[in-house]
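Letters A, B, C and D name the chains as they come in the text, with residue numbers starting at 1 for each one.
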């Protein structure tokens, strides 16, 4: 890498209104190469809405979302369709797991390869050389990813039959299949037991180190957040109330108040 | 005790249905002559029928509830064992001879049956292809299309008009019919595909009805309600064929169409495109978030389904030699849909079997004819309740990979 | 001007029938997001029961108004019973199933009920007795508006006001609104959601039955298939007004009825159905939230 | 699961092997009767079937024709073109010698090509679509009912000459039959030059009401309405015209002239005109046919009974005269001489239309259709 701290995602004063309700209120946020950044805050703070704006599911009311893919020019992606955002190199998981239930685990991952392959209807019918090669590659790459998240033995199982923790990991594998440079994880540890959380912790760090993928995650599990993130943003009622290293956040009175005010989440 | 309360609830159900059906099943008035006919026997039948059905219903619902909870508890184990039916479809040793038998029978059929049988089978096969085509749209991509008949009509009218006015040959019109169907599919699909599933269903229903009204009212082009007659049967290298030979020929043509459709659907199913369709059906938002272009993918499925309808529309017109708007009403869409539902959405074998059974049963059991639509309706409800995956559930392809072997060895 | 007024009243009459049926669609959709495709059949069954009852009563020597009241009452009871049973058999077991499952089930039910009536009664059109008397005082304007139309307008107005009051002020109405807002929360606060849904179907069916009786005696003939088109039109009206929105359904019905009458009067009645479907398609494409509905973001 | 798959395969295998064992001795004459025998339109098809079977029974009891027994082969087409082709092929493959049918014009169009190729004569009791005979495409086709253009002309001349209408509104149900009748009426009125067509419009069958179009009739100041279509729409229109106080004569085709209309329209039916096949109930031949029917079935015969009966009579006569079932011979006999039938003395002209049948105008008087002389 030519420059280690190049900005990948730069969000400027992002605002999202639903009717009269301001769900996200001029949030500014950055993620750089090789970073794990966490976005925390009480329930209903607007974190997932923020994700939805970045990944193109909602069109933000105001603000700029800039993406700087490595070695490419900068794109302003406001209002891009989700699939274009993904094609650009931003992949996400969902808070309430959204797998393709009636497809196999392997096929779920293979969907992630969709935007990196080109076979069209005619190609699929004729199954020419190109198609076969792409298909081969898709399968190989998907297996590789399943191996990385430890799900190879489930490859031919229907996604709906996986245990909960495995479903979360499958979502990560599926997102990684799109060859992203930035992974957006929406509460990846929700509903996991301590052992699973620990494994997840290692998995995320491994992804960052070995795959060269930066990570932006929303999480409630403070232990996980504090362990792995380099920087933390804190949101409350749509606004950013704090930003800093784990140490700084831990001692920030505003953050403590926000969390205590909520009745002491699992912090 | 449990038994008694069980019977009691069945009895209550029976009484309830006797009450419900009383004015319509028992009473029949003739207002002209001012007479009433009391059909008390019907009441008895309803009572007995409702009692038995409610017993079966309760049993089935309990089984269904048990099945659901079991699945949660045991996760995957219960699903792992393939039933014989699935094995039949997967194991070449089992399905090859069977397939061979079916193919042999299909090929021999015109030589051992009368022309009437062949005609019936031609129409049954037309429904098979329609079912397979709709299966792409509804079964694979999850786009509920209630106006499928519109594309069928487009194909039929394309051939009818090109043939009777411009003298174009069947073989030229066959691809044109399919492409026109697909083109109309794209044109109609473009504005509506961002609609949610159930809205899409209603809008397509609207398109289907509009198409029929257009055929009826636009006399200059479609000849209105009079329809178009004297459409040519397919020729074969200029060979003169009498009606019986032409029917046999069309039968084989339809067999080829069926095989072709199955071939194409099968290839699509296990491809980048097919997987995207299924993913779209499973979860639209997750699908686009994974980089699938929704508009394009949906349009592809919609147009491809329309293509098949257009294609068989041409063959339909050539087989009947006369078409009028009345042939293209909503009921046809409903019938084809119920085939796809019965066969198992997305399952090719299932749709083929369902299309054949639903079409041929009323043909051979004439007594069944009157009850045909009633049964179709009931089938759609019952399938959704008890076997949403269809009679023959869709077996997902497994992909082999060098590493899989290792993993299995390590596990096993 | 006279002509316009005539068309206007004709549209209003038709529109209020659409509105009555549309309310059933919209209430059900508001609560369980299901297009109750079989709702038109409930309307048809209401009309049929009224026909059978009034036929029997006529033969047994009852007279005018008592027939009207009894026939309407029994039709309402039966439609409600059918609506309740329909929900219990075909939709309730599918709660939580993929969105298309209950819709397919509903289409199946619609086919089933149509053919059930066809087989149990007849495929032919049947004459529906004129239950509404001709009022003397209407005679001077009978060429514009007859007694039947007056009754239709008044009845539907009263019904819709009643429904609004019911939903606004009664316990069950409040429960319905709560369930519509958020079914999970409603359940948590102790509302019996299943019961609310049943009641919703029953109310919708009652309205459909009223529409069925009114139309039957206005047009004078019914058959097993009248529910299909009426259902599609009413659904169009519900979407037009903003589905899930009760005043919207009423407004949508009136607008659609008026638009159809004007189109038939000033353009051609041959394209009547194209027109209705065209409105539906355009609304769904251009403004899926309808005239009065609010745009709702899908939850992710 | 297993069972369902297996069963399906077994069903398919069995179905494909079904070869109905029909091997009859050659000394019967087979007459196919095709029409709607199930479904909505069955009331139009069943009377013909009953007529043919009843007559066959009588002839057989008397020793048959030319010493051969008559066998009637009924075949259902539900009035649908696509089913009619199957029905026609089935009749052909069962080896029928001649066909009575089909009933609906659309189904007839679809089936005629098949009979033509197999050199089989078809006599329809009810397919009134004019081109069937007039186009010359189907030399094997005959009918015992007059074509629709006659009917349209009659309706037009009745409106202009008898009723003295100057402004005529023509409505139709957009169907093959109704639109055809409306077209012929319009053409006849315009050719006659005695009146103007002020409104020509299709209405949608099954629409909730027709009040808008009724208002339109009033606005155009029409002094007569001609409607092409069937009785449900006609009764709805008549009812609404009465409600809206549009009191002008209403003329329908034979699709309106029936008990169905009287039943549904009730009091509103009074005074309505309808064209229909001439009243032949006074003829002895007709009386006998009807009496036989009532004696056998215990009810009045339905629509097209007379025509179906007459078709069977002409066939039997032609077989007798030509001495066999050879098509060329039958053709000659059918065109050759007048036969006394249930619809009067008829023979067929070169195109296949019956000479001696025609239409009259009827009016509902005291709840009954009465022929206006």
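Operating definition for what follows: contacts are C-beta pairs under 8 Å (C-beta built on N, C-alpha and C of every residue); 3 or more make two chains touch, one makes a residue touch a chain.
Predicted model only: the values in this text are computed from it and were never measured.
K.L.:
Mind having a look at which chain is the central one, using mean CA positions?
P.N.:
Of all chains shown, the one whose C-alpha centroid lies nearest the global centroid is B.
K.L.:
Which chain maximises the distance between its CA centroid and that of chain D?
P.N.:
A
K.L.:
From the mean C-alpha coordinate of chain B to that of chain C, what's the distance rounded to whole Å?
P.N.:
30
K.L.:
Please tell me the distance, in whole Å, between the geometric centres of chain C and chain D computed from their C-alpha atoms.
P.N.:
38
K.L.:
Distance-wise, how many Å sit between the C-alpha centres of chain A and chain D, to the nearest whole number?
P.N.:
71
K.L.:
Residues of chain B that touch two or more other chains: which are they?
P.N.:
Correct list: 31-32, 217, 285, 370.
K.L.:
Where in chain A do residues touch two or more other chains at once?
P.N.:
In chain A, the residues touching two or more other chains are 57, 94.
K.L.:
Give me the residues of chain D that touch two or more other chains.
P.N.:
Counting only residues that touch two or more other chains, chain D contributes 39, 174, 202, 263.
K.L.:
So in the complex, the part of chain D that touches chain C is made up of which residues?
P.N.:
Going by the criterion above, the answer is residues 39-40, 43, 174, 201-204, 206-213, 215-216, 218-219, 231-232, 235-236, 239-240, 243-246, 260, 263-266, 268.
K.L.:
Spell out the part of chain B that touches chain D in their complex, as residue ranges.
P.N.:
On the chain B side, the touching residues are 31-32, 83-86, 88-89, 98, 101-102, 105-106, 109, 112-121, 123, 216-217, 224-227, 229-230, 242-244, 247, 316, 319-324, 326-327, 349, 353, 356-357, 360, 364, 366, 369-370, 391-393.
K.L.:
Where on chain C does chain D make contact in their complex?
P.N.:
Those residues of chain C that touch chain D are 3, 6-7, 10-11, 13-14, 17, 123-127, 142-143, 146, 148, 215, 218-221, 223, 225-226, 229-230, 233, 260-261, 264-265, 268-270, 272-273.
K.L.:
Spell out the part of chain D that touches chain B in their complex, as residue ranges.
P.N.:
1-6, 8-9, 11-13, 15-20, 38-39, 76, 80-82, 85-86, 89-90, 92-94, 106, 109-110, 113-114, 117-118, 129, 137, 174-176, 178-180, 202, 259, 262-263
K.L.:
If you look only at chain C, which of its residues touch chain B in the complex?
P.N.:
It comes out as residues 33-35, 45, 48-49, 51-53, 55-56, 58-59, 74, 78, 81-82, 85, 89-90, 93-94, 97-105, 107-117, 119-121, 126-127, 129, 228, 232, 235, 239, 270-271, 273-274, 277-278, 280-281, 284-285, 288, 298, 300.
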